[in-house]
Amino acid sequence: MSLLKLQGVTKRFGGLVAVDHVDLVVEEGELLGIVGPNGSGKTTLYNLISGVYMCDEGKIFFEDQDITGLPPYERAHIGIGRSFQIPRPFGAATVRENVAIGAMFGRMIGKVGEKKALDMADHYLSLLGLYDKRHKISNSLTPVEKKLMEIARALAMKPKLLLMDEAMAGMNPKDIDGMVALIKKIGQQEKIAIVSMVEHVMRALVNFAERVMVMHQGKKLIDAPTQEALNDPKVIEVYLGRLTLEEQNA
Amino acid sequence: MIFQKYSSFLLALIVFAVLFAIGMVSPSMWQPIALIMFYIAMGQAFNIFMGMTGYVNFGYVAFLAIGSYGMALGVSRFYQTGIGLWLLFVGFALAIVMAAILSLLVGGIALRLRGAYFAIATIGVNEGLKYLIEGGKFWGGSEGIIISKPMRATFGRHLANSLSTFWADVFLFIIALLAAYLTFRFMHSRVGYALTAVREDEDAAKVMGVNATKYKLIAFIVSSCVAGLIGATTWCLKSTYVFPEDVFEISYTVEAIVIVMLGGSGTLLGPIIGGLIYGICKYWLAVLLPGLQLLILAPLIILIIVAFPGGIVGVIRERIRGTVLDQVIV
Amino acid sequence: MLSGNLLNGIILGAVYGLMTMGLSLIFGVLKVVNVGHGAFIMLGAYVAYWMFTLFGLAPILSVPIGLILGMALGFLFFYLVMKRLLDAPELSTLLATFAIGIFLEEIAKVVWGPDFRGYSWDVGTLHLPIATIPMAKIYALLSSIAIAIALYLWFKKTRAGTALRCLVEDKEGARVCGINVTGFYALSFALGLGFTVLSGVLLTLFIPVGISPYMGGIYTLKAFVIAVLGGLASPWGAFFGGFIFGLVENGSYSLLGLIPNVEPFSLTQFVAFMVLLVILLVKPEGLLGEK
């Protein structure tokens, strides 16, 4: 039984096909990367998996259960967690409260009251180095801190599948390496399959993903182990040589 | 630690106790105190929905009205069954049930809508219900319901009188207490956290697992039921009649908005402070400048929206941020 | 007679449509719902009343006065209040327009007194086979259509109108093109209110004795129903929605009048509200609107 299975998933906006008959399988505990230039459909794909958009065609299965028509909040309850590329904090609430919301309404819904949620929040905040800032109003955090909070909040949902969206953008290389190592460790400990979506920060991908799916114009271009995918001539062509340049600089 | 969590609730209790004490000790103060409590209670009930969700129920007063109809119907239709004081229980129960049904109907439709559309849907509830009653000529139509006779018949002149002049207000205190308690419980439970998420970013909240419509509906129904109780006691029991032209008066919704925004929406103490200040000012203004309250209130609302969106509690919070007091006032 | 009633409904519907165009314009450009809509209609009604009673000015000629008054108030309230709230949460603008409406109603009550006023402008009647219609109403109908067409042409043909359409499509893009966004917001708000006030002028030709400070509330509800019918952001949809509403309103009034022991006028308003809820339930973007 695969954790997540996408079959022929398609989404159109008017005349534009944002996601074009994409198939994808994600196994439990896997570390997958999704890569593609701007406009290739990555974010739309995320939105389809997390339920923000509904598919026009195709099906989505989670642990063999058909979730194609499930609303977003129920997908959170079965174990799909997500962080956003541009962080979406619950602005007027404190950092701690933000993460507690993830804990309360994620996979543990119904089992987590205020106290337990706040404890869980403290736990994930300290993992991500935000414990000291937990009482700050989330709107007052720096952009990088907001991103860290996003991840903490998504982790507090106790997901089985975590969709990370450009989580490392804006960080310097040393921090990225540390972040990648931390996420991998947490993923292993808590048995979370993590999908990391990346557009330019290849460094975050190379040390992280076991497998990479490259998207282009809504279609899946290739789905293969990391090095194989990134060195594929079709992929390099799509990125206009940017990939080889990045790898050299890494 | 425990003190921190309960501190605002305790403060609310103290305010209520002080007001009650003043009223009991000095009988001439009872009416003004009752008026202040009305505004506090009305603001609290309004805040349960608006403060927590950030949506404005423009048809708010319709729920006060239907609650008063509940009490009126309960008393006028059942007083001959000879159940004595249980008649009041019937009245209050009817008020809650009718408010709940109305809020379920309205909320079920309106709460799927976003901001502006929600406002439009609720603005019509008030007028719509009034025209339904007047046009359909039921529940007394445009002539309303008078319960002074049934009350005298069931309770005897003396008790009926003290019910209207004293006990109706005591019930109000109890309802205000209930409202404070409910607000407190909500804020520290999943409902409160869910609604905070919805208020701040509804789409992100859904992705985080919050069933936005369900929680909005819970807040809406509870807010409406408390409002119904307030209407039942302050409008019906106290004045012994219900006239549609009176009870569907949109100015009460305006006052509720002012009270909540003045004090600070989304907080426990906000509506209490707001109600206190507003009640005092209104009593004073009614003596000095009768008939001009709304004229002064309207620009006041605008001023608050533009300059002090967080209300008085918001201003205080800014001043004391980072100090020990910060944890206390929630 | 039902058919006569329906004809009256269409004529009134034109004015209803005109009145809603202002609402839709403000929402379409500024994303603000003018909850105080009715108060501005009330102002227009009083303008018509005073111009006629004091100066004998025909209501049709009061229309431009109403427009100018509305636009002046629009610019005033925009720069005084609305501009500061452009980035505030939706709630703030809702409450602000609400408060402005209440404020205007209260001032009217203080200045002009709470009593009902009316006047009658008799310019003859038109005799048709199905109904007899006062010429005043015909003039109102023609004026409404003319004004609606004028607005349409303004949008399509003039530079200002085109700029406004760009603004609605893409705010940042418009700014980059050098369009003064704030100025156009002010203009849209002013135009919207101007249209609302002038429709109040024309409305008096249908409600000879119904002018009072609080008369507006009922029209706010109607305007919202029509706006939702025609698509909240579309002035043209609003105009056509007005005709539909006028028809439905008069039709239901006739029908309800047949039921014994009910009061048809009040019930018709209730029906209007039900229509609103049903539309919102089924298609919130309006029958003619797009998502």
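Think of it as A, B and C in the order they're written, each chain with its own count starting at 1.
Everything below uses one rule, namely that contacts are C-beta pairs under 8 Å (C-beta built on N, C-alpha and C of every residue); 3 or more make two chains touch, one makes a residue touch a chain.
Because the structure is a prediction, the values reported are computed rather than measured.
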item: Centrality ranking, top chain (CA atoms only); value: B
item: Most distant chain from chain A by Cα centroid; value: C
item: Dominant interface by contact count, named by its two chains; value: B-C
item: Distance from the mean Cα position of chain C to that of chain B, given in whole angstrom; value: 32
item: Length of the line joining the C-alpha centres of chain A and chain B, rounded to whole Å; value: 43
item: Length of the line joining the C-alpha centres of chain A and chain C, rounded to whole Å; value: 48
item: Parts of chain C lying in touch with chain B, wherever the complex brings them together; value: 27, 31, 33, 35, 81, 84-85, 88-92, 94-96, 98-100, 102-103, 105-107, 110, 217-218, 220-221, 224-225, 227-228, 232, 256, 261-270, 272-274, 276-277, 280-281, 284
item: Residues of chain B defined as touching chain C within the complex; value: 54-56, 58, 109-110, 112-113, 115-117, 119-121, 123-125, 127-128, 130-132, 134-137, 141-142, 250-251, 254, 257, 261, 292, 294-295, 297-299, 301-302, 305-306, 309
item: Residue ranges of chain A touching chain B (in the complex, touch as defined); value: 50-52, 71-74, 76-77, 82, 84, 88-93, 97, 100-102, 104-106, 109, 113-114, 117, 153, 157
item: Partner chain A, residues of chain B touching it in the complex; value: 188-190, 193-194, 196-197, 199-201, 203-212
